[in-house]
Each structure stands twice: as structure tokens, then as C-alpha cells.
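Per-chain residue numbering starts at 1, and chain names A, B, C, D, E, F, G and H are given in the order in which the chains are listed.
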Amino acid sequence: MSQTAPTVGIVMGSDSDWPFMQDAATALQEFDVAFEADVVSAHRMPHEMIAYGSEAAERGLKVIIAGAGGAAHLPGMLASVTPLPVIGVPVPLKYLDGMDSLLSIVQMPAGVPVATVAVGAARNAGLLAVRVLAAHDADLRERMTEFQAELKEQAHAKGERLRR
Amino acid sequence: MSQTAPTVGIVMGSDSDWPFMQDAATALQEFDVAFEADVVSAHRMPHEMIAYGSEAAERGLKVIIAGAGGAAHLPGMLASVTPLPVIGVPVPLKYLDGMDSLLSIVQMPAGVPVATVAVGAARNAGLLAVRVLAAHDADLRERMTEFQAELKEQAHAKGERLRR
Amino acid sequence: MSQTAPTVGIVMGSDSDWPFMQDAATALQEFDVAFEADVVSAHRMPHEMIAYGSEAAERGLKVIIAGAGGAAHLPGMLASVTPLPVIGVPVPLKYLDGMDSLLSIVQMPAGVPVATVAVGAARNAGLLAVRVLAAHDADLRERMTEFQAELKEQAHAKGERLRR
Amino acid sequence: MSQTAPTVGIVMGSDSDWPFMQDAATALQEFDVAFEADVVSAHRMPHEMIAYGSEAAERGLKVIIAGAGGAAHLPGMLASVTPLPVIGVPVPLKYLDGMDSLLSIVQMPAGVPVATVAVGAARNAGLLAVRVLAAHDADLRERMTEFQAELKEQAHAKGERLRR
Amino acid sequence: MSQTAPTVGIVMGSDSDWPFMQDAATALQEFDVAFEADVVSAHRMPHEMIAYGSEAAERGLKVIIAGAGGAAHLPGMLASVTPLPVIGVPVPLKYLDGMDSLLSIVQMPAGVPVATVAVGAARNAGLLAVRVLAAHDADLRERMTEFQAELKEQAHAKGERLRR
Amino acid sequence: MSQTAPTVGIVMGSDSDWPFMQDAATALQEFDVAFEADVVSAHRMPHEMIAYGSEAAERGLKVIIAGAGGAAHLPGMLASVTPLPVIGVPVPLKYLDGMDSLLSIVQMPAGVPVATVAVGAARNAGLLAVRVLAAHDADLRERMTEFQAELKEQAHAKGERLRR
Amino acid sequence: MSQTAPTVGIVMGSDSDWPFMQDAATALQEFDVAFEADVVSAHRMPHEMIAYGSEAAERGLKVIIAGAGGAAHLPGMLASVTPLPVIGVPVPLKYLDGMDSLLSIVQMPAGVPVATVAVGAARNAGLLAVRVLAAHDADLRERMTEFQAELKEQAHAKGERLRR
Amino acid sequence: MSQTAPTVGIVMGSDSDWPFMQDAATALQEFDVAFEADVVSAHRMPHEMIAYGSEAAERGLKVIIAGAGGAAHLPGMLASVTPLPVIGVPVPLKYLDGMDSLLSIVQMPAGVPVATVAVGAARNAGLLAVRVLAAHDADLRERMTEFQAELKEQAHAKGERLRR
């Protein structure tokens, strides 16, 4: 994915989640944040999942982004074996519009938080990871501020078209 | 709990779930099914949880009953590391009436089923475990049939009082 | 369906449920579990439904898988007349995304459990039936363990493609 | 309950539903409609439940009122074995505020309708039964019209107090 | 619609509801029940709506079937001005899957019941109207019993195809 | 209630809604807006309800505030017979937390809007009525601006206590 | 948009909401109400959003219509900085059918009301704005009454086609 | 609150949220993280709220924790004016069990993420803030790892009591 050592790990239960999750990767690339992406299934490869989480910090990762759908256990299980912040992306399945995914991820018990974003909001997961990194990186924080200014410009331009 | 080797394991994320989960134990006792009960938290002791599930079958368990609330990952994670049938009990938390618990347990992905019962229905989890054991035990099946006949008698008696 | 005496009965309220329910059959075939499939409607043929449930155990069935949608009464009604474990599959209808089916199946009263799987998850119903049978069949349990290892291999391979 | 032959049957899964269901009885008494009340559990006495429904019409009943909670199968199962109109009352359980009861009763498949009233609305079930009887009874229809006039008077009086 | 004086009135808020509501008409035709169909909007023609309900009984109607979607007020408002039984059909709109329609119709206050059927279930509304009429018409009751027998035959035939 | 001719009408289906609805009255009093309060039930006095709405504008009312619960038809029905803005307050009932009330009020069809406020938010209904009046009354608008400044002061003071 | 000074401001978070929101503009045009339309994003241009709301009254606006989806903060934030009535339109997103948008807009805290209309109901937002203006404009009120009469005529005509 | 310059800001819309939000403070204290707490209401003091967010980073804060209920706009609005990570705590109100709060906070549009925790889970918000800080602080990360080990010990001890 990227050449420098990755600071963000993007994981998902199946490669079928990639069309959703790649928006997280794109957001990270826009900020030149090095990342890795992998399939780490809580239910199909539980031992590897536990290992992934347990080793993430010592491997140099600063943030984990985990996407999952339905009874979505991946973000919460990773959070239980790492001290790093874990960002959960509720992936919507065919039924229930992602409400099951959202509740399975966000409703974590006291002691083990998961930073949850909107249903299907992988791009925001990437941006949240950037903010976490930026909390200790003035340059990155500056770029996030510029990014927010660009959002404003784009919104302005859209209003321009509407007002004409 | 019981002297003969347990065939059913009742586990929960915290001993605060015991008031809910002991109904499962009571149901098993009514059918003289030996069981064990333990706190096995997916989020607070993930390695032990994985170990519990991985060793359950070889330790002689035939069924696992797991209760959990909120982002309830225990039943599904156990199901991912054991070939045994896992029965999930959605424990209701203070908010959302157990809907989060229910969806977190029942909406498992293809490949890893959890046999889910009603919100707070630990007694039914115990009775379902008995049915699973009874599938290969004519005596136990006979007792379940008798139990169902008793349910009928009790319902009859209630109608009697109402009709008077 | 299969030549040896069936140990699993797959029933549904209408043949229009078959596209959903045949995934249960496929899962059983993968484990060489003999099964039968039939239309047994709680609302359109209640007497036959009661008869099916009442005779299932003596006919040699060990597990019943029942799929139904909307006000889904089939799994629960069968569970009330058999001592066997009944697995309920909530079939989603055109509206409400299967939430009505799920609640109608899972929220059974104390005394009569139904082992409920995810909305539309007929494959998992088949796999759960295999686990129930495997609880007393070391060979089948071994095959379930192998199946789980294969799930892991497949997930691994998917990650491989993603990591490249 | 009443001396003349009952024309309405009020049934429920357990006598614990009686505190809810007796409002139906009270409404019928206000209109001098003879009724019977009984415990008829779909899940605990399925054969008797089927028999109750099958014989209701020939026993002279014109309407059946059935209350049930959770996976509420009683109204729908009765409707499947009688040609009479069946009125379903969703009884709320401890969790989910009766939403499970409502969906389990109202979402019946094509062919077998249940006339569903509001969650916990046993009084309205009684009044609906009166309306069904009144459809062919000019006297009763007149009394229902008077009853509606009284509702108006009471509402008026309440406004009076508020306006003062 | 039919030549003899109609005994059932089918009304809806807009002719755009007709594709849903005509299933009610078809069901009534199968039982040779005379009916009328009309657009009677609670929100667009409130005075006419009140008049329709107020005059329904004296015009010879025995049952009113009312379909409405969203904030569905038609069935409940008609029920408030007629002593006849009113059957409400929750018509699903583009969003919310008919849950708004269902709650707006079924959750009527004490005193004014609406006999509610499933979301979009106009056919069942027609069949429920037949049952109401059949409560005092032995012939019609007999035909409903035959209809139920046919449902059974059809379900049987479907099973036949599945078993082959 | 107030001596000058009322410009706001506060109506509700029953005086049991008054404990909720009087917050609307209090808000109006704080702004010296003259109002009237009455019981106007859509389901128990439909003709009077229609009359109330039809005559409201010519009687000098500028805004109607209507509170109702469950299948809450009062706000929408009033909106259908008056050209005035109608503000709907979803009153929560014992079950379903006011979700039925909210959807019954807010989901009005195209052509007949209801200005809906939060579940149980009668105070905000009063304040919204003031804003509607203030749209054409510079004095009242000034007072609303002052009111908002006071809200800020109060919030400030609360922060003060927290910061100490 | 219109030449006379606008009295209604229609704002939305993105021009992608315009297909929804233009129905509000159309409704205003039908009543010859001058309006302006703009993109004012709570999250992408917060300072401009605050400015827009703060200056709206002195710029001559009487009503603000704000459409937003998901975590929809625009209507409520505008209401917090203007004394004018703010009408909120819940725009449905890809998932959750607008339920998130509805709750984010309607559930405002005491002190700051938003007049909420149905999910996607921009046309009704426009009509509600007309009613607010009409509260102090006899001519406009007359036209709203005529508009309601036309709605009746159209509904009548639809019934005509159905009755034939 | 604490003497060293605060790195975490805990804000809420009213001091009535403090009983919920102080669990965040307690968690931070356990890890010796300096914080400040304040009332910053999106709806009652919007300008101050914008100022708080805009200045947070330059004032030295690294993370903002914002709690809000109902139409909960505080976390999202702060996120729109700061490049820092914002953690949102859905505070449950009297009705709807915090579902409105949750959706209002988590469903943020692309570009402006909020790290959402469970309904009422202020403690987890505090722990998530610690994890964010720990991403760049090996000592703090070590303490989080120890904290997780303690959670395990406590869970173990609870199991001990259960097993006896």
C-alpha cells in the first residue's frame, strides 16, 4: 500500500467489505498517512485477529480502523487486545440498513471503547484517524485545518451555482 | 455446581449477568443436566475467552450457553472457536431494551451460527440446551415431552381459575 | 432429497421461501447429513403442521429447521409440539427488512425455545443443525472443525489479494 | 361469566394476561354481550388451542378476542382454524414495549387476517367485537352510536373544566 | 363495481393507493360480496370524509375498509363517526416501510378501535370483511371454511413439488 | 386564561394531556401572548374538532397548538380544515416512548403540513408559536432575541458552577 | 430566484439536496412568495451558517426552511441564532430511511424549537412557510383556503375515476 | 479540575448532563490526564460554542469530549470547527432511550467525523481520549495495557466467586 512504515491499519472481515473500506484508504492517502490494509475476520480467523490486535502497537501502528457488518465483532474485539484507539465502521448488510452493525460496534461495555463513525462512513474513519495522528503532529493538524477550509470552499461554490 | 462432569457450560461477561443467567442453570438442574458456570468476558479477558471456547469440546462440554449485553460479542466469538452449538442469551442493558444485545448476537455472518433466544430468556437457553442433548438421548427426550405435558397442565389449571 | 433416513427436517410456509431455505439444504449436504424438505404452513395447514411436529422425533428426526416470514409462527408452533431442537430462520418480506420475522420467531415465551439465526440466514441454520448433531458425533465434530479451518484459509486468501 | 350463551370468546396464553384482558370483558359487559374467558396457550397447549379455534363457530361464538405477548402466535393460529373474525391484542412484555407482540400479531400472511388493535388495548378489542356484532344488530348499533355520543359528552365536560 | 347494494365500502386517500387496495376488492369478489370503492381523503376532503363515515351505516354498509399511508388518519377518523367496524390497511410509503402507517392506524385511543391488518395487506382486509359478514351468515362462513381448505390444498401441492 | 382576544389556541384530545400541554401555555404567558385552551378530541368529538379548525382563523387565532398521543390525528385533522399554521406536540403514551405519536403527527401527506416539535415538547410548541407571531411583530421578535440571550446567560452560569 | 425582496430563505447543506428541496421553492412560487435559495452547511461552513442565521431577520426574511440529512444539524443551529421560525426538512440518506435525519431535527431541547415536517417533505415545508406568512396576511390566507379547496376538487376527481 | 494545562476538554450542553459526563472525568483522573470541564451549549450559546471549538487546538487541547442528548448537535458542530478528534457521548433523555442522541451524533456527513461511544458511556469516552493520547505516549500506552490487565483480573475474580 505505502512505502514508509504504516501508522494506520485498515482491517475488515472480508474482501467484500473493501468497496466500502477503501474510502478510508483514500482519505489517508490524501493526507500522506502510511497505512496497511488486511482481511482480519473475528469469526473466521479469531486467533489471527487476536494476534493482529495484540501486536499492532509494537508493530508501530497508532490507530486501527476496523469495518464489519451484522453482528460486527471485529472492532470491539481488537479494542480489547490493544491499547490503541480503534475506529469502527458499521458496514450495512442487505437487511436492516446497518442498524445491527452500528449497535454491535458502538454499544461497547465500560472499559473497552470503540470510536464509531456513521453507517458506511469509511471515509470519515480515515479522516478521524488523521485527526488522532494530528493531535500530536502540528503539521498534520495544519493540513486538517486546510482540508476543512477546502470543504468550505466547495460548499460555497455549490451555493454559487444554486444562487445563479 | 454439579458433581458429574458438566456437559453444558454457562458463561457470561460479568457476574452482574448472573441474576439473568441463573435461570439457565435452574432449567438444567430440573433435567439433572450437569453444568458449569463461569465469567468469561470477550472484552476483558479475550485470550481466556478464546481458550475457553477452543477447549470446550475436548473437555466434554456438548453445548455452551453464553449471555451478554450491548455490543454482545461473547456468544459469537465462542462460536468461532468451537464446533459445539452455542446458545446466545441477549441480556438487556439499561437502555435500548436489549435490542442492541439481540442484534449483536443473532446477526452472525454465514459460517458461524449462534442459536439465539429471546431478550433475557436464560431459562429458554437452558431448555434449548436440554433439547440439544435430548436429540441423542431418548430418556431426556421423554422428560422434555413430560415437561411439555406439565406446561399444558399448568396452563389448564390457570384457565380453570379464570373460568370459575 | 437424500437416501438414508433424514435426521434433519427443513420446513417452510410456502415454496416461495425455498430460494432462501435451500441454503440450509446445501450446508447439510456439505456435511453429508440426510435431510427432508417440505412445505408445512402454520396458517394454511395447521393440523398437518401440528402432526409434522408431533411425529418428528419418532420418525427419526433429530433437528427441525423452520423458515417463516412476517408474523412467523411456524418455528414456535413446531417447538411447542416436539421435544427436538427447532431452528428458526427469519425470512425477510417486502417490508420491514425481516424485523417482524425475527421478533416473531425469537421472542418465544418461557418453556418453549426456538434457536433463532440471523435474518435470511438459512445457511447458518443448516450449520447449526450440523453442530447440534455433532455434539454427539465425534466425526461430525471433527468435520465442523475442519470446516472452520477452511473458513480461515479462505479469509486468509482474501487478505492475500488485498495486501498485494 | 354470563348466563346466556356466549357470542364472544376471550382467550389468552396465561392468566397473567388477565389484568390486561379483563378490559375487553368490561367493554362487552357494558353492552350486555355474553362472553366466555379462558386460558388457551398456543405454545403450552397447542392441541387444545387448535380444538378451541376449530369448534368456536359451531359452539355459537361469533368473534374471538385473543391476547398474547412476545412471539404472540395465539391470535394468528386461532384465525387459521376458524372462519370467525379474530381480534388480536398485543400484550406488552417487560422489554421492547410490545413492538414484538404487535408485529407478531398484525403481520399475518395473505389468506389469514387478524384484526389487530393497539398495544395493550384490550378495551378496544371488546368494543371492536361489539361493532362486529352490531354490523348485523340494529339495536346494538344504536347503543354503539349512543356510546360514541357519551364519549363526546365526557370530552366536552373535560374541556369545560379546562376552559374555566 | 357490483349491482346489488354494497355491504362493504373500500375507501382510500388517493387513487394512487388503488394498486394496493384493489386486492381487497378482489377478495370480496371471490366471495360475491357487493362493495363500493371511493377516494375519501381525511386531509384533502375532511367534511366529505366525515359525511361518508356518518352515513355509512344507514346507507346499508356493514364494514368499511380504509387504506392510508404515512400519518394515516382515514381509518381512525372514519371509526370515530360510524358504529360499524372499520378495517385499516397501512399503505407503505417510499420511506419507513409502512411503520409510520401501521402505528398511525393501529394505536387508536380507548373508545375508538380500528381493526388493523399487516402493512400493505389489502387482500387480508377484504378477507377480514368477509369474516365479519360471515359471523352472521352461515353460508358465507361455510365458504370461508372452504376457502381455508383450498389454502391447505395449495400449500400441500407446493410441498409436493418440493418433496419430488 | 387571558383577557385580550386569544391569538393562539392550545387544544388536546383529553384533559389528561394538560400536564404535558400546560408548558405551552406557560411559554406563551412569558411572552404575554393571549391564548385559549380547550379539549378538542379528533376521535371523541370529530364534528366539534372540524368546527374548531374551520372557525379558528375567523375567530382571530393566528396559530393552533395541538397535542395528541398514539394514533395522534388531532394536529393533522385541524391542519386540513384551517389555513393557519398548526403546531403538533407528540404526547408520549405508556408504551413506545412517543414514537407512534411522533410519526402520526409529522408524516403528513403533501398539501397539509403540521409543524412538529419533539416528543413531549409542549414548551417548544409555545415558543414556536411566539416565533410565528414574531415573524410579523418586531417587538415580539426583539423579546425572542432577548429570551435567547437569557438562555445563553443561564447556560453560562451553569458552566461557571462546573468550572469552579 | 425572485425579484422582490425574499421573505423566505431555503437553505441546505449541499446542492445534492436541491432535488429534494426545490419542491419547497415550487410551493412558494405557487403562492407568489419571494424566496432565496442557498447552500449553507452547518458542518462545512459553520461560521457562514451562524452568520446566515444571525442576519436573516434584519435582512427581511420571515421564515427559514432548512433541509439536512443524517446527523442533521442545520435547522437546529439556525434556530439557535435567529428569532424567526425555522422549518426543518429531514432529507433521507442512503441508509436508515431518514429516521436519523428526522430525530436529529425534531428532538430539539427546550428553548429552541424547529418546526419539523415529514421525511423528504420539502413541498410541505414550503406550504408551512406560506401558512406562517398567511397568519398575518388575509390575502395569502384566502389563497391557502382556495388551495385547500383545490386539493379537495382533485381528490374528488380521483374518486370519480375510481367510482366509474 | 487539574493543575497542569488540560489536554482534554469535557463539554456538555447543560450542567444537568454532568452526572453522566463526570464518568469521563473520573477515567481521565485515573490516568492522570489533565482536563477541563465546561458547559458549552450548541443551541443556547452557539457563538461561544463555535469559539470554544475554534480555539481548542491552539489552547493546547488534544481531544474534546462532548456529551449531548436528543437532537445532539454539540459534538458534530465542534468537530466542524476544530482539527482535533472529537468524542461524542449520546446522553439518553426521558424518551427514546438515547436512540435520537446516538443517531444525531454518529451519522455525521463525509468530511467531519465524530468518534461516537455507546449511549451514556461517558467513562468509555474518557478511556478513548486516553487511548488517543497514548497513541503518541509510550508511558500512557503502557498504563492502558496495565488497565486492561486489571480488567481481566477483576473479571477473573468475579468468575471465581461464581465458580465457588
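Keep this in mind: a contact is a pair of C-beta atoms (placed from the backbone, for glycine too) under 8 Å apart; a residue touches a chain by one contact, two chains touch by 3 or more.
Computed from a predicted model, the values in this text were never measured in an experiment.
Participant: Counting C-beta pairs in contact, which chain pair has more, A-C or C-D?
Facilitator: C-D
Participant: If you average the Cα atoms of chain A and of chain E to get two centres, how far apart are those centres in Å?
Facilitator: Here the centre of chain E sits 50 Å away from the centre of chain A.
Participant: Could you work out how far the Cα centre of chain B sits from that of chain H, in whole Å?
Facilitator: Whole-Å distance between the two chain centres: 35.
Participant: Got the chain D residues that touch at least 2 other chains?
Facilitator: 13, 43-44, 70-71, 80, 96-97, 99, 106-108, 111-112, 114, 118-119, 148, 151
Participant: Can you work out from the touch definition every pair of chains that touches here?
Facilitator: A-B, A-C, A-G, A-H, B-C, B-D, B-H, C-D, C-E, D-E, D-F, E-F, E-G, F-G, F-H, G-H
Participant: Report the residues of chain B in contact with chain D in the complex, numbered from low to high.
Facilitator: Its residues touching chain D are 92, 97-99, 118-120, 148, 151-152, 154-156, 158-159, 161-163.
Participant: Give the list of chain E residues in touch with chain F in this complex.
Facilitator: For this pair, the touching residues of chain E are 13, 42-44, 46-47, 50, 69-73, 76-77, 79-81, 93, 96, 99-100, 103-109, 111-112, 114.
Participant: Within their complex, state which residues of chain C touch chain E.
Facilitator: So the residues of chain C in touch with chain E come to 1, 13-15, 18, 36-41, 43-45, 48, 70-71, 94-97.
Participant: If we count contacts the way the header does, which residues on chain F are in touch with chain G in the complex?
Facilitator: Listed in rising order, the residues of chain F that touch chain G are 57, 62-63, 80, 83-85, 87, 102, 106-108, 110-119, 121, 123-125, 127-128, 131-136, 141-142, 144-145, 147-148, 151.
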